[in-house]
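One chain, chain A, appears in both complexes that follow, with chain B as partner in the first and chain C in the second.
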Partner chain A sequence: MSQAEVSGAGTPGAGAAPRRPGPLWSLGLLRSEIGMTFRRWRTLALLAVLAGVPILVGIAVKIETGDGGPAGHGGGDGGPAFLSQVTNNGLFLVFTSLAVTLPFFLPMAIGVIAGDSLAGEANAGTLRYLLVAPAGRTRLLLVKYATTLAFCLVATLVVALSALAVGALLFPLGDVTLLSGTSIPFGEGLLRALAIACVVALSLMGVAAVGLFISTLTNSGIAAMATTVGLLITVQILDTIPQLQAIQPYLFPHYWLSFADLLRDPVYWDGLQKNIGLQALYAVVFGSAAWARFTTRDVTA
Partner chain B sequence: MPPPPTAGSERAVPPRAGDRVIETQGLTKAYRGGQLAVDRLDLAVPRGSVFGFLGPNGSGKTTTIRMLMGLIEPTAGSARVLGATMPGAGRRVLPRVGALIEGPALYGFLSGRDNLLRFDAADPTADPRTRAERVGRALERVGLAAAAGKKARAYSLGMKQRLGLASALLQPRELLVLDEPTNGLDPQGMREIRALVRELAADGTTVFLSSHLLDEVEQVCTHAAVMARGRLIIQGTVADLSATVLGSRGSGRLTVTTPDPADAVRVLKEQGVTDLRVTDDRVSGELPTTAGPDGQEPWELSDLNAALVHAGVRVRGFGAERPSLEDVFVHLTGEGFDVAG
Partner chain C sequence: MPRNEPTEVTDGWDGGRSPRRRKAARYAVPVAVAGVAAATIGLVPAFAGSGSPDLPKISAQELIAKIAKSDVQQLSGTVRVTTDLGLPSLPGGGSAAAFGGDGQGDGPKGSDEASASPQNKLMELASGTHTLRVAADGPDKQRLSIVDKAAEYSIIHNGDQVWAYDSGSNTAVRSTADAHGKDGRGHHGPKGLPKGLKNATPQDLAKEALKAAEDTTSVTVDGTARVAGRDAYQLLIKPKQSASTVGSIRVAVDADNGVPLKFTLTPKSGGAAAIDVGYTNVDFAKPAAGSFSFTPPKGAKVVDADKERAKAGRQHGKDIKGFKDRKGLEGLKGGDGPNIIGKGWTSIATIKGSGSGLPAGKEKGAAGDAGAFLDSIGQKVTGSFGSGRVFSTRLVNALITDNGTVYVGAVDKQALIDAANAAK
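Then we have the complex of A and B:
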């Protein structure tokens, strides 16, 4: 719609001469891309799996605490001690679910979408038709990255909303006791949950850029997806090896779980800033690499 | 009409340097390992022509087309399309070019119509307000309107080919680049596509049509170029190309079926037919070389027949074979057409 307005202002009645593209014409391509991505069964299946995780966690917690005792004294592998709070407040299922899905489920889903973004088009041969349309290589790359980021946000929100629904169904809701012990009203708790979801989505920027870059390297969508996911797993393992402490601050998942700091009063910004900064760095470095590769490569598929 | 004879020029003179829609100079593409896919190609496609781009599989046709469309970078040389250098001017040039490259490629999970909407959305000059209407017209033009709602993965190869053509016709184009457009079509579909190509050419669109089907090029093209092993062998009007062979091989062979071969040989010899051969009841020979100053043949084939009948030869069969583009190709490359380079 915005595109129509823009182009309408540009040229009334384009005859034989080619119409001047409006400055926002890329939005038309972006809309087409987003619409296409979210219409694919594969995307919907990924989202369904992500939505299923909070349901499983919720039910597991409910069963385990059937005798009334608190759950997961160990604080859970997800890092922060959210799990024990879930029985008191369903909202904590949102935080728990994000902490559970962030290390693998979410980035794997992003890896599939980002890895397939250009390699999949090349594999199907549609890339050459987009390029002679002409979509423009830089624009196509930006549109693909923007779509992947949109998927990051949607995937995170799907986890959060599913968790909120399950949490509300299975557990009581109420004032939220923060990690630092102070209590805030439920409404503010919801806002913090939303902020956390946004931070989690931003945390996936780096892996999205890596996936996009890998996607420019090959004509096989499957290979790009597998490489991206494999790389993710490798990096996650490296991040847990104590001897590699020197390089760990530069690994993209290193500060992921810092989102829990939003649940403190006052909020600890240190880890959050490091996380977002690192993600931006990855986006710039791998985005540039993807651009350099994609704008110069021969499209032979 | 028989093609006008010309002195046996090995390389037809390229069209006048006026209005060329495609022009390449020394265009070369070397793939890794140094093998030349395209070797110093000088191609000139005049505006308004239907240009047949011939060559066996693997002769470098598709690589050339990819360079013209800016998909791959030439190793050396330059390519100009609609007057601008590719791939640099792609943003300006490509909206005026419709292309079908190496077969159609579609999103199987989208319907035929949605595929076209998608490709149209990728074109910066396409007006989104008229998109649905233009897509509908393109679908009708290629005869796919009834199947527009079906998922593309359920399409037959011929339907996919049509959909690919439709995406090349989403906007009025100055140049259509069609790589093997009738591939996978049944004879009826081939006829329809050829009719469509003629119709588009009549509207003033230049059509650059690559094919390995010689008769296809002979039927629809005004100009042609022949490639083999990455090199351009000849280019010019289809008539000139046939004439090149005519000049060196005579005007064709005559075959007469008769129970009186001896008499037939005598009569034909008198009429100037050379290289006469007799096998059982068939007499064949080279027709006299045409030499009229106005390009007209000095005699009519029917005169030969009349002479035979006049001499009391019982003619049961009478036919002349004109050289076809296939002959041109075999003549030029010294090999069968379907041999890969």
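Then we have the complex of A and C:
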């Protein structure tokens, strides 16, 4: 980089500059990638499905409890987390919806986007043209990963906002009772909901990196998506087998539900820290594996 | 980043090194990251656990005195409870919880309350690993929460009120502190609970263990340790009576203020600790006052435990079973059992039965199945007392004779049979 700075400083204007794009150029690339991803019908359909989940849950709870009884008969084991609270406070629909979508729906959507990111381009024959532009493979990879992360955040927020809207329409809103039994004002509850959405989005970092790595392995977008989603399902199953307790703390979905710890009083950081740490580790390991693969690979398509 | 700049620019293979070597070097990055992470995960706990701080020598007597005069009123922290009593695990995942817990499902209360009942929660602690959060501010304000996945079970004691709140079923159970004290001695389900749960803190466990230490016990100081980031002495307690199933008890005591920080009970049969209760995190500052106030949330189902007392009486028979398990949880014998034979570590609790011997026989409908199930986990024994079944766990053994008398204690099988013979 120092060389580039020296030459850039030495010849202001043109010269060495075109081959070494500045940070602004990367932003432009990122913007065009994000724009392209979110303009796809496929992406919009995924988001629509995600937005539909809270609506289904909300209506189901509303119908089920039409006679005034509480939801979630039989205690905590009877349904998704927080379900019994939804009738008292619509905000809990946000938490329930995230707990429902986090195990499969959300990571599946991420798997589709991440798996398609490079393999899809290769499949369509556009990867070569992307590389012709003086972006550099590392930069392109980073931009693709950033786009996937942006989708993680948007997908989570779509679920959360749709749940908030449905919850506000169908159920009363008010003070939020935390898991520990203490109550906090609604405004603070909203803040916690926002924090939870961010934690959920961060929880998807690992699966996004895995998907990106798989995407560098193949030229078929479908194969990459299917592998990512299949891997996710396999890992989720492994995470439920008690005999595998020894390896479970290292599986990326293991601490996903720890976002609920934000609803304790005081907040219990242990699981949250482990979750974020594990996601960062997956992101680094699979991100660098994707980098190793992508920067040394022969791109023919 | 600078290293790969040429590639970014040219995407060519003209770097001077062969592509193969470059490829290998790049793949080394993820491998190295994974390796460093694995090493960190593997080694850091090992180093953290091996720290034995240098502390002035102290005698066992002085250490016990330190515990006794420890006057810590305010603390908050996280407690990790790991129990491996060797209770048979049941299909459906329930293991120990099914013994006391499921029995209540057909009680006078509905399933919602059953899951919120303290007894049930207590049974859950009897197997597996659980995280508890505790906070205390003087004798009148305590709080204990069992941290579950996306749920929490809290017991809040403030003045004369004791609330239990289960976020999973959104149920709150109210009782008065007065009644709860009485219930600590009795066996009424819901109230026995808060007391039993409070006993799960290292302080109480250590106190109870020391109570049992008379001439039957050897107590020594065995080195130092770091627990929850604090320097601690290790107190080693070993029963002298050979019939006891307890191998040793280790209590880590804070070198500063004498608060027991960790309690580990290892059965004589060896293996993993049967009971391991310790702070993973402790703070001796005053907890926030708000943590001790509780008002039942809107929409929560409120159960008045005092009014349930009459009903709970009907559950007496079943609760005895739960009670027995609670003793197992605390790893203590003697204490407040029905009828105690012997003393010290080998004391055996006796519950005179009438009629049908097996507790499960009382649970209608399921009697046949339960009998077959008991046969599969119990071992038939005979003696001059007649015959019966012995149920073994890693720590507690129980002999249920055919005429319904129950002998239970942390003693080996032979001691139970001897006790039954002697009682005849």
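By our rule, the second predicted complex is superposed on the first by the 270 of 301 C-alpha atoms of A that agree within 3 Å, B and C clash if a C-alpha of one lies under 4 Å from a C-alpha of the other, contacts with A are read in each partner's own complex, and residues count from 1 in each chain.
We adopt the following convention: a residue touches a chain if its C-beta (ideal position, glycine included) is under 8 Å from a C-beta of that chain, and two chains touch if they have at least 3 such contacts.
This is a predicted model, so every value here is computed, not measured.
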{"item": "Touched partner set for A:31, first chain B, second chain C, both or neither", "value": "first"}
{"item": "Most chain A residues touched (candidates chain B, chain C)", "value": "C"}
{"item": "First, second, both or neither for A:134, with chain B first and chain C second", "value": "both"}
{"item": "Touched partner set for A:82, first chain B, second chain C, both or neither", "value": "second"}
{"item": "Chain B versus chain C as contact partner of A:238, first or second or both or neither", "value": "neither"}
{"item": "Partner chain(s) touched by A:179 [first = chain B, second = chain C, both, neither]", "value": "second"}
{"item": "Contacts of A:296 with chain B and chain C, given as first, second, both or neither", "value": "both"}
{"item": "Partner chain in contact with A:124 - chain B first, chain C second, else both or neither", "value": "first"}
{"item": "Contacts of A:260 with chain B and chain C, given as first, second, both or neither", "value": "second"}
{"item": "Which of chain B and chain C A:284 touches, first, second, both or neither", "value": "second"}
{"item": "Doubly contacted residues of chain A, that is, touched by chain B and again by chain C", "value": "4, 19-20, 131, 134-136, 296"}
{"item": "Sites on chain A touched by chain C in the complex", "value": "1-2, 4, 19-20, 70, 72-77, 81-82, 84-85, 87-89, 99, 131, 134-139, 174-175, 177-183, 242, 250, 257, 260-261, 264-266, 268, 270, 281, 284-286, 288-289, 291-293, 295-296"}
{"item": "Residue numbers on chain B that touch chain A, as the complex places them", "value": "66, 69-73, 90-91, 94-97, 99, 101-110, 117-129, 167, 172"}
{"item": "Residues of chain C touching chain A in the complex", "value": "1-2, 4-5, 7-9, 11, 19, 22-23, 26-27, 29-30, 33-34, 37, 41, 78, 93, 111-112, 114-116, 131, 133, 145, 147-152, 154, 156, 163, 165-172, 280, 288, 290-291, 293-295, 297-301"}
{"item": "Residues on chain A engaged by chain B in the complex (per definition of touch)", "value": "3-4, 7-8, 14, 16, 18-21, 25, 28-29, 31-32, 36, 39-41, 124-126, 128-136, 140, 296, 298-300"}
